[in-house]
Amino acid sequence: MNALRRLGASLLAPVIAVVVAMIITSLVISLSGSSAGDFWSVIFSRPVDRAIVNIVNQTSLIYISALAAAIGFRMNLFNIGVEGQYTLASYAAATLAGAALFPGLLNVVLPLLLAVLVGAIWAGIAGLLKVTRGVSEVISTIMLNAIAITLVGYLLNKYGVHVGNGVRSTVIPESSRLDGWTFFEASDGPVWTLATLALLLGVGFWVLLNKTRFGFDLRATGMSQSAAVASGVNVNKMVVVSMLLSGAIAGLIWMPSFFGAAHSYGTAFQAGLGFTGIAVALLGRNQPVGIIFGAVLFAFLNEQSNRLTLETDISVNVVQITQGTIVLAVVVAYEVVRRYRTKLEQRTVAEELAGQRQPAPSERATT
Amino acid sequence: MSATATSDAVLLQGIAKRFPGVIANHDVDITIRSGTVHALIGENGAGKSTLMKILYGVQKPDEGTITVDGQTVTFGSPTDAIARGIGMVFQHFMLADNLTVLENVVLGAEKLHGIGEKARSAVEQISTTYGFGLDPDALVEDLGVGDRQRVEILKVLYRGARIIILDEPTAVLVPQEVESLFDNLRVLKAEGHTILFISHKLDEVLDIADDITVMRRGTTVGEAKPDSITKHELAELMVGSELPSPETEESTVTDEVQLSLENVTVADARGRRLCAEVTFTIHRGEVLGIAGVEGNGQAELVETIIGMRKVATGRIRLGSEDMTAWGTRARREAGIGYIPEDRQRHGLLLDSPLWENRILGHQTQPPSVKGPWIDRAGAGSDTERIVKEYDVRTPSIETVARALSGGNQQKLIVGREMSGQPVLLIASHPTRGVDVGAQAAIWGYIKDARRDGLAVLLISADLDELIGLSDRIEVILRGRLVGEFDPQSVTPQDLGAAMTGANEATA
Amino acid sequence: MRRSTKIAAVLAAAILALAGCAKEETTDSSDSGGAGLDCDSASGDGPKVGLAYDVGGQGDNSFNDAAAAGMAKAVDELGATCTEGEAQDDEPESAREDRLRQMADGGYNPIVAVGFAYSESVNAVAPDYPETSFAVVDGFDPDEEPNDNVAYLGFAENEGSYLVGVAAALKTETDHIGFVGGVNNDLIQKFEAGYVAGAEAVNPDITVDVKYIEESDLSGFGDPAGGKAAATGMYDNGADVVYHAAGASGSGVFDAAVDAGEGTWAIGVDSDQYLTASAEQKPHILTSMLKRVDTATFDMVSSVADGEPLTSYQTYDLAHDGVGYSTSGGFIDDITDEIDEYAEKIKSGEIKVPTAP
């Protein structure tokens, strides 16, 4: 009963947020002279088989990205540098895998480890700067994003394979490709093998945070740094370690797509996932289960929006308004619900204790 | 008495205020005569603060009427209250340290006399009239606690208040400062102001008040005149039962040193010394009390011993081991329990359930963990034990800490820090803000543990508590230990003099 | 502390979301009359064309609009009908493929993809639709297997750039000119190479400053502030003509010319940018290098209407009127003869214009 009420309360916020976002989006569309009905009928139409495959694949990428952001958030670290971390890591892994120095599966595993390592190092720089020089991780990771993206561009131009007007890393050998499982027609494409990484990381994230001492220290630091310090947590060490972890996860973001479809780093590289992850982490309240819903929602909206310009006169970018308002509304709604729950809980405590306590004396004494 | 009043300044009738699950006030009736000092007394949690917030317009009453100078009023905000001539001085000062007295007073009230010469002369005039002796150009950060309080009162007067609410004004003062505050209050009264004085220190109340109203469990339970009631009667009225006392029994001090500090100096980032050459020892079974006006280095001293601050020079030993270089975790693992001064900031994860709060500070020790894993079952059953043994009032150990009352939060912390047989307990204001029952219980736990050989470092602003519990008292002033006292023979007045440096030849 | 982090995060997320919307403002169909393509009202019995735009879509004052203009012509002259799709920032490869498949499934033929970013996706989709003709503007075949239903519409940007390089060298009074590229990739380097070669053909001792706004990030094509910073540096350094190949960042280059004052010039790119420039900028726009995406688009539709769809690499060079220069504003009327002489030599093969710097 109590658990049910809690579940209801935690679902309340996202539901309110989605409804508010729908209203605002509809208003924006109507104001620009188009039909909001068209928009929603496209968005809510059943995705075709191919779209379902794409949604699953995209969900896995967004989910990993959101986990990377969430691990920082849980510690009150704002790792805005996920974008740069996975860009650099993806390039490094693609280059190593393209070089085909190792046979078969080893040529998958080692590049994955390299991606983890590069992502961790790049994020670790920001962590070290914070604890040694007091540089805000927000500033340093933004800078590191710019550096990573420029660096990758430079390296790609210099060492990449130039084809037509494009440039990319060497395509990986057939033996290193992990296409995945085809559930529908071949032309609908496969669900990538490494999409399962998202699942593994999600479970790992939950276990780490909720079941281990390290996770306890991390959460304690996020909830109250002062209390964590007093309890014996070495906050500096935690900052560096969680940045390393965040970056390590970030390094894996694009890997399912790389080994599943792109096979090289070039025009097929999907930029921007690092920022999507931040929004989805907020949406999912930095909880591994919550983030699943956020990732599915964003992947779903992105995929469905692709049909907008074909079937309506509404720009695909309207979906970004929807996504933006969902995130804003959800954060506001969470705060409202949180206060409501606190009151609820305090009332429950008071009610239950009233039963134990002797009746309050109401006598009035006068001298 | 110089009361010139013929009418009532404030009349509160049938005031009730309910928060979800809590009745903060009900059936409150108070009559405050104009031109008097009216004391409102009651234990923590008796509803005094809520009532004053209602009178000052911060909260709206659910029932009842407020009458000011014969007119019924409703206040939407403090602004309305100020317009009616009601001002409030909060327990925690709201002053900008880096501004001058004049700037602090004028801040937010620029419309009254501008910010120039007119404002200055107004401030000077108030200061002179009431004998405050404040220099308008002095920086607030250079002022002592007593002067700061006078600045707060000046702020209220500057805004035209005729009825002044003082929320526990003496809590932060030493006895000598209390005397001079009372002098100021008498002048204010003579000038026709009405003062509502909130306190739970009975001696002071009997000293200054013209009328006394007692509150208990959210309502007014009695009224008295200071000349017709004894301190004891007043206390019983306030507590509703026999007053507990922290009297200690026979000494349990051993000759085994548990904690020793040798010439410990602590500095802040700018090199300013917060504690200087502090040397003391605590034996097993001994309670060492540290007395001092807040802000004289006792908080920093505690944080240094628990390892949250680094020692600049000097040595700290636990038993025979030098722990100067240890981190907080190592110190906790070595058996140091820590009851922090600010339990919400340093002692609890407010949004976590109680069993997780049981783990906090003991992350590396059974029963909370098994290797690198959290032992939920172990932490849970030990939390159940604490809840039972320490009488923490909670529906379950899944309840979040925030939902508990302050006293129950504190009992949980005390229970936690007493777990695992600590060798040293650092107790910073262990009973601040808890109700009488919990206070007596906490005193009991400390005494029991002391009997079993626990060494205790006790910091408290409550001199009765210090005298009652300690085997020895050291006084700290500007970061230095300036005198040792025997609680058997010392009086609060002696301590107060040492705490303010009044007995120093140079002061 | 905790609250403030949260707020910062929300703000950042909101800004990210709204940044996308801000760009959207300019593509609102109401103010994008430039290309004048309205697929909804096209009702002829000519080819059914799917037009897949790059980021920005119709209304970008650049090559998306050029493609739309070619399409509009096809609607008028060939009775073609059409549907439009538009890319989003940072969209996955699958979204591009999806867009093309939806068009192919909808029976559209040909399908014209605007921008080389579609190269991979067309390569993936085309084999599944052998009856449908595809075209990729600026595109290329990324693998070894040729597709016999895909046309790659390439342009000799180096030749057009050569001509505006000649114009710049003839007009400069300081013998010092500049080039601002949006992103340092092979395509934009082609512009640079032709421009420098043309300028040096006139004056071997000329100084050419070269700067790219971004190394690889495509945001270099949408960064007017970056364009302005780059061009201002060149004008301050003594250059008096600056050519840009930086898409929407070019407006910043024009602004820099306005700020640099009388006697400084900027050269536009892709379309005749004098026509879309502000009144303030117009006196500074010497000429524009024309890249006739409209011609290529029209040709593609027309070839399908004729039953002989274009396939494989199609090069729109000077000889085929695929590139050129504009004369709006009349600032180069005095030197068109000289420029045209160079043009003839390029057409005849006497001059070989390099494609890389």
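We just call them A, B and C in the order they show up, numbering each chain from 1.
Everything below uses one rule, namely that contacts are C-beta pairs under 8 Å (C-beta built on N, C-alpha and C of every residue); 3 or more make two chains touch, one makes a residue touch a chain.
Since the model is a prediction, treat every value here as computed from it, not as a measurement.
Name the chain whose C-alpha centroid is farthest from the C-alpha centroid of chain C.
B
Compute per-chain Cα centres, compare each with the mean of all protein Cα atoms, and return the closest chain.
A
Can you check which chain pair, A-C or A-B, has more C-beta pairs in contact?
Pair with more contacting C-beta pairs, A-C versus A-B: A-C.
Just give me the whole-number Å value for how far the CA centre of chain B lies from that of chain C.
72
Could you give the separation in Å between the centres of chain A and chain C, each centre being the mean of its C-alpha atoms?
34
How many angstrom lie between the CA centroids of chain A and chain B, rounded to a whole number?
Here chain A and chain B have centroids separated by 45 Å.
Using the touch definition from the top, which residues of chain C touch two or more other chains?
Chain C, residues with two or more chain partners: not present.
What positions in chain A touch 2 or more of the other chains?
223
Write out the stretch or stretches of chain C touching chain A in their complex.
1-2, 5-6, 8-10, 12-14, 16-18, 20-21, 23-24, 27-30, 40, 57, 83-86, 88-95, 98-99, 101-103, 106, 116-117, 119-120, 128, 138-142, 152, 183-187, 214-217
Spell out the residues on chain A that touch chain B in their complex, using ranges where they run on.
210-217, 219-220, 223-224, 226-227, 229-234, 342-353, 356, 360-367
Give every residue of chain B touching chain A within the complex, in rising order.
On the chain B side, the touching residues are 20-22, 217, 219-224, 228-229, 233, 237, 240, 306-308, 327-333, 338, 340, 342, 345-352, 356, 359-364, 369, 372-374, 393-395, 399-400, 402-404.
Which of the residues in chain A end up touching chain C in this complex?
Residues of chain A touching chain C: 32-33, 50-51, 54, 57-58, 61, 73, 76, 78, 80, 138, 149-154, 156-157, 162-168, 187, 189, 222-223, 225, 257, 261-262, 266-268, 270-273, 275, 278-279, 282, 302-303, 305-307, 309-310, 313, 315-318, 320-321, 323-325, 327-328, 331.
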